Amino acid sequence: MAQLKYEHIQQEACEANLQLPKLGLVLFTFGNVSAVDRALAVFAIKPSGVPYDELTPAKMVIVDFDANVVEGTLRASSDTKTHAVLYKHWMNIGGIVHTHSTYATAWAQAQRDIPIFGTTHADHNTVDIPCAAPMSDEMIQGDYEYETGFQIINCLKERGLNYEEVEMLLVGNHAPFTWGKSAAKAVYNSAVLESIAHMACLTEKINNTAPRLKDSLIKKHFERKHGSNSYYGQ
Amino acid sequence: MAQLKYEHIQQEACEANLQLPKLGLVLFTFGNVSAVDRALAVFAIKPSGVPYDELTPAKMVIVDFDANVVEGTLRASSDTKTHAVLYKHWMNIGGIVHTHSTYATAWAQAQRDIPIFGTTHADHNTVDIPCAAPMSDEMIQGDYEYETGFQIINCLKERGLNYEEVEMLLVGNHAPFTWGKSAAKAVYNSAVLESIAHMACLTEKINNTAPRLKDSLIKKHFERKHGSNSYYGQ
Amino acid sequence: MAQLKYEHIQQEACEANLQLPKLGLVLFTFGNVSAVDRALAVFAIKPSGVPYDELTPAKMVIVDFDANVVEGTLRASSDTKTHAVLYKHWMNIGGIVHTHSTYATAWAQAQRDIPIFGTTHADHNTVDIPCAAPMSDEMIQGDYEYETGFQIINCLKERGLNYEEVEMLLVGNHAPFTWGKSAAKAVYNSAVLESIAHMACLTEKINNTAPRLKDSLIKKHFERKHGSNSYYGQ
Amino acid sequence: MAQLKYEHIQQEACEANLQLPKLGLVLFTFGNVSAVDRALAVFAIKPSGVPYDELTPAKMVIVDFDANVVEGTLRASSDTKTHAVLYKHWMNIGGIVHTHSTYATAWAQAQRDIPIFGTTHADHNTVDIPCAAPMSDEMIQGDYEYETGFQIINCLKERGLNYEEVEMLLVGNHAPFTWGKSAAKAVYNSAVLESIAHMACLTEKINNTAPRLKDSLIKKHFERKHGSNSYYGQ
């Protein structure tokens, strides 16, 4: 049966989507998660506009890396092409999340990178969270969601950043995208980003000349969790 | 039986009212929703000052478009005349909501339109959320709630806006009103407005020279959800 | 039995105290409510430092208007004398609440009256919420909680305000006190005050020259709910 | 059986850790609590990176004051050495908490002491909440978590403060640490600190020249709860 072939990523995508409202990252249907199967070269993604409490694994739409629907009766998320582009170009990601979470979106609307102010940030990234420029009129009037994927890819490229190290980004005037080894990790990154965005906003309010974190501390905290000698977790 | 005649809008209005506390839009009884039946030319509205957890469909008061009570033993919401005026003049709305939700009310108190800063806003409106001027002393001392309806209608008219496209507005010094094709859609709009109001407040804090969204992006996002070629939802 | 004599106010005070955590107005035990019986000239008040989830009516301490414990095995709230002074001088109040709710306390710490910016405020008060000056060293080193009661009474007196019209006040550097016809009404006032304090804080952030509400609108809204021709509620 | 020997502190540490998400002080696993047994000269601490809803007393790791694991199959919290240093040098503490709670962390990132603005603060401390300087590169590149403990101890020492009176501190660029007679008291202090940090942030926003609390009021409130003649609680 065709259906069972994709059951594992439908299950993974469904569970990850259900985490978004639990973590306070979405209002109504304003967010979507996908999970990929690299061998089959397809991903499972949330159907468009369906409330989270009505989601089931079987409703997840199966799409290939050119954004063609492979299986599913519902229309896929309107952001599907963005997911497809990222999966196609970034070989080592397993899941992608897009939300309009309050604080991260406010930074995107303000068109500012989120400065690295503390160890909570450094535990996850060694650089400011990049805010890609708003897209050009040409891109917007063209294949918009497809181009959104390239805006993300090119922003990292221009800054010399690696998608395996920096797993979160703001699209200027729009909202955050995060990714990771799995859909669950991508959701985790969305929640971390929202927390970092909230704290950074408060930090500037408390001290409008607050300096960025110094390099030694950035390096130390990131390596605690991610270096070859990391000693966080089990 | 007279009662059964209105049961469907009483049910619709009751369910929609119960969404307000669930969505965090009201403290105590500070909000009300109505649902209309165009054929019968009446609407069902929340009774005044009754706690949400005591609401039942049968308690919804039936009122005509001149604000006369047609059926119901409880006193109708003190804002009933505002609802009546809007239903009378706007033929195509099915539901109306009034709340004092925190962030939208703060913008109303600040007497400022909410600038369109991002795609969350553009997904729902192509313009800044209008803040109508505080009402004149004459209107306040006259038939206040009736005049509140005209203040809303005239604000849209003066700005050349269509109530079928812009379904939310702030009354200066007071609070938000939203409407829509149904009571449920009007409630949805209230929650969206509160989220937009929150994000806009943060955006200005993070970047006090944040620019408004550019036209190409406004057009694109609104059309994704609302244009003739919309591709959001099922 | 002596115990049954006070059961009704113990019940009223207990229920009202339990509302504080439900309404998000207290952390741990940082708040207390009392309920009075005018005929018996005593009030029931929360025992000091007892967690809300351990409260029962029988644990409420019965105190007279000179702050003498009449019945009860637990130590009464450390703020008991403030309650006693207010009951003794204000003949028509039935309940008192003291909390350290976040936004109202922030205004108290900022030593500012809360400006009347909108109709949410005017629905409950016609004036700015008064912030009494921090107490003098003499009062602090004297009978502190007793003097706190006089600080509240004198603040209203100096401003020509009536405790039956203005049922909420901030003590500078400290926190809010509210009162009302019943303990439940006093709790309602605490929640309203917190909401007004939050909105006013946001209003100034959105527009740092936001004007106070004009007199005609203040008068209209207050009379809707409180005047002889009020038409709010059932 | 070896296991039963440590059961009481494992139980205490587990229960205290479970309070952190309930009090809204942690996202995912970003926090840890330990509880000490002075006679046995060991403490029980949260295992690293284990979600709170999977914690059981048996999973708590037993560690001595030189940070050697005495019992336990899981890896101890990455902050274990900081706990060990504090227990070794401060004879009279029974529990320690580290979180990245939002408001307290924002002050740490802003590298500012939290000014004592009101009685909520004075009920718990007579001084501004100290923010230790960010650590030196030498300390960071050395035995980082061990040195974090000394940064805390030295900050108090330099300011002439006693760890039995001041039970909370921010490490600059990092986050808060709190302690107390028991693990439960240390958790209580973390929640109080977060509330104080939130209120102080708002106070400065409402009045950017808000003065610190005067000495008479600091003394009075602290003594109400902590002096030899304290009269708060049972």
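First chain written, first letter: the chains are A, B, C and D, and each begins at residue 1.
The definition used in the following text is that contacts are C-beta pairs under 8 Å (C-beta built on N, C-alpha and C of every residue); 3 or more make two chains touch, one makes a residue touch a chain.
What you see is a predicted model; the values in this text were computed from it and never measured.
Although subunit A and subunit D share one sequence, what matters here is the overlap of their interface residues, and that overlap falls short of half of the numbers used. Each chain gets one centre point, the mean of its Cα atoms, and the points for subunit B and subunit D are 46 Å apart. The geometric centre of subunit A is 33 Å away from that of subunit B, both derived from CA atoms.
For subunit B, the set of residues that touch two or more other chains comprises 205.
Judged by the touch criterion defined above, the protein chains form a single closed ring in which each chain touches exactly two others.
Partner subunit D is touched in their complex by these residues of subunit A: 117-120, 188, 191-192, 195, 198-200, 202-203, 205-207, 210-211, 213-214, 216-217, 220, 224, 231-234. The touching residues of subunit A, when paired with subunit B in their complex, are 27-28, 30, 47-50, 74-75, 78, 100, 102-103, 105-112, 134-135, 137, 140-141, 144, 173-175, 201, 204-205.
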